[in-house]
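Both of the next two complexes hold subunit A, though its partner changes from subunit B to subunit C.
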Partner chain A sequence: MSVIPARETMPIVDEPLRPERSRSVARVIDLLVRSLVPVVLALIAGGILLLILGRDPLSFYSDIWHGGVQQGSWQDSAMRMAPLLLIAVGLIFVFRANIWNLGYDGQFLLAAAVLSGWGPSLVTHVPLWLAMTLLFLVAAGVGAAWTLIPAGLKAAYETNEIITTLMMSFIGVGLANILVKGPFQDPAVNIPQTKVLPLEKMLPAIPSTRIHVGVLVALFAAIVAYYVLTRTAFGLRVQVLGANPRAARHVGVRVRKLIMSSFLVSGALIGAAAAADILGVWGYARANWNPAYGDTVIPFVFLARLNPLAVIPFIAFFAVLSTGGDLAAQNANLPTDFLLVLVALILIFMTLIEFIGRRRELGKSYLPPGVREALRKPLIRRRESVKEPEAA
Partner chain B sequence: MSSLFHQAVLTALISGGIIAGVPLMLTAIGETISERAGVLNLGLEGMMLMGAYLGFIGAYYGHSSWLGFLLGASGGVIACSFMIVLCVWLGLDQIVIGIAITLAGEGITSVLQGAQFGTSYPRLGAPAEVSIPLLHKIPVIGPSVFEQQLLVYLAVVLVGVLVWVFRTTNVGLNLRAAGEKPEALDAAGVSVAATRSHAVLCTGALAGIGGAFLSIVGAGVFTPFMTQGQGYMAIVICMLARGKPVWVLVGAFLFGISLSIATALQLAGINISTDVVNLLPFIAIMVALVLFARRSYLPPALALPYFRGAR
Partner chain C sequence: MSAAAHPSSEEAGAPRPSSSGSAPVVELMGISKSFPGVVANDDISFDVRRGEVHCLLGENGAGKSTLMGILSGIQRPDSGLIRVDGEDVDIGSPRDALRLGIGTVYQHSTLIPALSVLENLMLGDTHKLRLDGDSASQRLRELGSTLGVEVDPSVTASDLALGRQQQVEIIKALWRGSRLLILDEPTSMLTPQAVEELYKVLSRLKENGLAIIFITHKLHEAAFLGDRISVLRRGQLVGTLDEDAVKGATPEELEKRIVEMMFGDATGGLAEAAELKAELSVTDELVYEAEQVPAAAEEVLRLERVSVRGEGAEPGLDDVSLTLHLGEILGVAGVDGNGQRALAEAVSGQRRLERGELRFFGAPIGHVGVTGRQKLGLRYLTDDRLGEGIVPGLPVSINIFLKLIGEAPFWRQGRIHKRAIDDRSRELIERFDVRTPSVDARAGTLSGGNVQKVLLARELSFDSKVVIFHKPTYGLDLKTTRTVRQMIRDMRNGKAALIISTDLDELLEVSDRIAVLSRGRIVGEVKPGPGAAEAVGRLMIGDVSLGAESEGGGP
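So, the complex of A and B:
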């Protein structure tokens, strides 16, 4: 049951013979166009939508700039990058293998609940660096463990992992709530939340900024992932599995093991994202808290063409958008869920641009065969009716 | 424990199961149609939300639940028309577009609700029920099964119609062929794109009505993100039912019961945290998947775009 078609992320095209220089320039331009145009189009379409709702799109977007970059709020955006980037890298690992781990919410929140339940007592007993390392490892372990069932089912029976990861995600979110309201509840307060980590017991900041070192961890993870995925045998195997599982089996890749390991790595990175966010920014977990980072990260993972380094600027862009979006939505008297619409628009425009680009590379018409025929038919019929006497 | 089997509790359980199960059933039946035709519809959640929002608007301003259902269906159709153009006609990735439709549906309904009502959530009155003569006097089953919305009965009839369509009609055969072997359908002179488009249109309309039922009858109010994963549950029900409408009916009713069990338990005086109870359907699905994983079936051409002449 191979549900997922091979995604043509890197189309192999016989490029016409052109001078080396202009060809590489053209490729860079092509890449930039394909990555940036969807974002621009989505912002324009979002602006039109704002106009329809009777809001001023220009002031909305300038509020985003104001609240996401200016007056030191770029530091908040940078901190927002840490969990987003770790989740993005985690998703890239599985998406490259053409496995759909859509259970990021459950993995993230469960890891967050466990580590913020255990953290406050741990930091009082061991030195800070050890506590932080341990908590990162625990979070990564929880995230990875939550992918075990979908990974096992996929490896053993080829059960659709979209369904299983989503179901495990719902269970994980619910379990996180139960944990926060039950065993990890701070007895000192009435609100369902865990004990708050004291400020000096959280991730230290980079000197002369407010930005915590979790951001560096995320950047480091992206670089390591880039190396592993593009420069090692493991990365190649992941690529082969993603391109064609049957071919992978033929060339001797142990597919089951690879499915398990890429799932586990992905879960671990998503768990680590929870650690970076809780230990760096929040210091505690609340019940019913769900930032839903994963949903919003997905388009940028694809825009970066599953490249862990290329995803960094996209994540930076989205971090600004989401940090400033809070202020902008508040000023425009709209729910922050408006950002979801923007993200969905980016996804749609991205697939459209990708489609157009692929057809152009293949030297074909921009229109798909069905639509082209439908448009052409009236013309052809007219021409035929004119020509009929000659043909006869 | 004996109070659990008290008449009122059982009535509430079954009736709640039906009310919660109908949106699931309509959506899952829609998904069955499109999956059989080879289109994996991950945007169900967004379509349901569009249906729920527009349905609520229709019922709120039009003062008629039928107007609500109609608008709900059109909401689902609007959402699924993206799927038709982008996935069926252009052959773009169904999974990516499905996620996009879900996100857009979540975002846009929440934004529209916020822009319109702010933070207030107006309520609808309970729509009228239809009681079937004689049968509604049977204890327990009478008031729970035979005193329901007209739409509930129509939904059950729809299952029967669908069984008939799949089994004996040309339309059903074409639909199945579009999912099993689109090349064969094309060779037989039937347009794959048109067949799949019609299937997805049905899916959108049904998911929209399902969402509208959720907001108009189930809750009486529209709140953002109110579907809470029911679209995905519908996909699982459809997958476990292996494309058989009757099993979709059974599965949807069972999941409806597990969704409504919390209220029934409270009536019985048993107090379990709703967090635990809300997990039950998902745990049930995971157990079912672990036990029957090998037996779930999906059409071979599912989620594969069809291009004439492509290998």
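So, the complex of A and C:
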């Protein structure tokens, strides 16, 4: 009888035994790298692209700084943040529950059409503060209502909400145009648009600035959303549903109710974004108007890792980029769409970094194992293998 | 089927006579493989010869499956050499493995349910342009006679009993001509009778000169089947018992030896090993603990003619009546996929009753939701720990409180009270011996056994009265298994337990009564004791046998 001990046994580390703190520091660094590096790389790549096009990237970027931040233009940037931030928070709410509300354009434009159609007559009849509050609520209600069908279908039949929200968005955009060209059109002008709100009947400005209070509403919404999502029972349920729907069912989360409520909150916030934009900046809605805020916001929502507070600096960055970008593009003799190229570059680098990160997590290498082995071969010391057991 | 099309078919179809002690068919040298944070295989050297069964023994997580994955081409080793018939080979894909004559039978069926046996087997023939049914049936007869089994080629795979499905899997593994057959925990899904039949098939294959690697965590299987036994532990090969060591020793000596290899550190480990002996008995003798629960004991849970809908391929429940008394442990046996999940989910409230009524301490609860039943003290320990039990990305503490979201005093006016949760979690973590760096560690980073302890902490605390244990020890290491079974036994003190398990030994050991579930029906009840295993086995295959198990027959 013989037992061949292969080697003295050595404890194998089941989990990284590094202290908690250094791990959390590492996590923060990882988070920063993953969030900021794509933006920096996009700016560099965009600069290279500008060089290729024969433009001076330094003057382009300094024009953006000039037109987006300096000489009070930061106030325009801040105002541009309001709708973007509200939409971002609205998307974060459902994305956290692993629900993909991609119908933001329909929700936004329909809310915009209804409130700008009804707003001009409302403001002449009731006090301004009441009119503004009511219009915000109406816009939120319209946005929420437009999510009802996709939400109900998902809750009842698990219908894929990506498809239904996109379809409803298509209908919503069309319906908004019909409203603006039809019942809500200002009869006094020939262009299809609603009556314009008089300047003094719009959202008031923060004292000693030009910034309307809609920006405060948006910031407040982000803070409340952060609190709700991270500190309350509701937020935890949303997180559980998003991370593991089967666990949600198992632990007794009312999944259908939660799908409905998070969808409605999302739609309401997107509707409120329309109110902030129309009542704060435009004062009316035009037919065929579509700023497509949602599309530009989505990359930043993911860069912020679905965190409603972390998304604020990203939205601010984009607001500066787009406000200052108008001037910069004009000076460089480029279409303003060049800014979308920058957004697209951010997306590409995000994807790349995510891909590389995943590969590393899996412990895989870009080199196929055969090649790797061959490269290392001279360094590998051939171990004595366990030979045939010698019977005792 | 022509020999030209299958140049290697000779080796399995008409194998050469056995020559024990010949050169190894497959040799592993210094194989290492690591995953982030875990060394799954550490410098493992190991071989298997013609006409022998080499048992690979180890607890869950010892690295058995990784090693098998490397041999069958699913994973690549980080370093080390594999030799087939003395030649260095590179097994880059399952296709390579098949080409080299390495066939694998996985723990779970890989047959396509909707296809017939023959069609399933011909899937391996896709390298040919035209599928040849006649030569395929001839090949099936050929292999069938080698194995000593007869399989109807036209039967749809889903109509086969699990034991029979496994025979088809073995034929499939040998289809293209194998010289090495790897079986991964092949008995875990089988009835005792089907296990017997498998043993016979393996001994026929052995006589025919096939090399077999038999992976198991059951010591008595290894002792019974193995010509040689290798023990893996934490990714390392602790040692190999050669033929003389296995055959020359009495079962007790062998047991002692293996237990030493599996658990014995020179320092104090033996005490632990001795403790574990009960779980490891080579002689396969069970200690029955069944107690007669007084008839007057209060009924805590009662299913009255309950029917629920099935999900996908899994059957639902059909007219099931069960009664559980206070202080009782009721086992539910059955081959996997016979309505176990439906039963657990119907009782826990996750699935709606179609017909029938459910009573908890006499009160009807059929319409009460999951949360409502939890509050009453009816808990469900799920079998799908990672998929359903925990949210891997959330901290251990939150996972313990997942079923209490929003409840005072851990939430106040909807706001989380982190300190109360953390304090209580620490207490529970200590009581249930969860090994975690802290309560804030993400649950997904814990090992399987510790995840189960987190779930136990959740289900057994907070005024739990009746607990459904669904496969409570499946895939756990022996020590945790022992702990979990003790917790189940403790339910006799003023609580009650319903244990749904496919591990018959476990049910025989801990339960007071065993109800047998087959195709969504309760087909009988057995009291644990001598001969109970066979009785349960007969009930388990009861109506299935009409289809496949009894027809054809073994050798």
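Operating definition for what follows: the second predicted complex is superposed on the first by the 325 of 392 C-alpha atoms of A that agree within 3 Å, B and C clash if a C-alpha of one lies under 4 Å from a C-alpha of the other, contacts with A are read in each partner's own complex, and residues count from 1 in each chain.
Quick note on the criterion: a contact is a pair of C-beta atoms (placed from the backbone, for glycine too) under 8 Å apart; a residue touches a chain by one contact, two chains touch by 3 or more.
Predicted, not measured: the structure shown is a model, and the values here were computed from it.
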| item | value |
| --- | --- |
| First (subunit B), second (subunit C), both or neither touched by A:Leu340 | first |
| Partner chain(s) touched by A:Tyr157 [first = subunit B, second = subunit C, both, neither] | first |
| Subunit B versus subunit C as contact partner of A:Asn177, first or second or both or neither | first |
| Contacts of A:Asp295 with subunit B and subunit C, given as first, second, both or neither | first |
| First, second, both or neither for A:Arg231, with subunit B first and subunit C second | second |
| Which of subunit B and subunit C A:Arg249 touches, first, second, both or neither | second |
| Subunit B versus subunit C as contact partner of A:Val240, first or second or both or neither | second |
| Contacts on subunit A seen with subunit B and repeated with subunit C across the two complexes | 1, 3-5, 7, 369-370 |
| Residues on subunit B engaged by subunit A in the complex (per definition of touch) | 40, 42, 82, 86, 89-93, 95-97, 99-101, 103-104, 106-108, 110-115, 118, 191, 193, 224, 229, 232, 235-236, 239, 273, 275-276, 278-279, 282-283, 285-286, 289-290, 293-294, 296, 298, 302-305, 307-308 |
| Residue numbers on subunit A that touch subunit B, as the complex places them | 1, 3-5, 7, 53-54, 100, 102, 149, 153, 156-157, 159-160, 162-164, 166-168, 170-171, 174-175, 177-178, 181, 295, 298-299, 302, 333-335, 337-345, 347-348, 351-352, 354-355, 368-371 |
| Residues of subunit C defined as touching subunit A within the complex | 27, 29-30, 34-39, 42-47, 76, 78-79, 90, 228, 233-245, 248-249, 257, 261, 265, 348-350, 369-371, 374, 380, 382, 384, 387-394, 398, 402-403, 405-406, 411, 414-416, 437-438, 440, 445, 447 |
| For the subunit A and subunit C complex, residues of the former touching the latter | 1-7, 9-17, 20, 231-234, 236-237, 239-240, 243-244, 246-247, 249-254, 361-363, 369-370, 373, 380, 382-383, 385-386, 388-389, 391-392 |
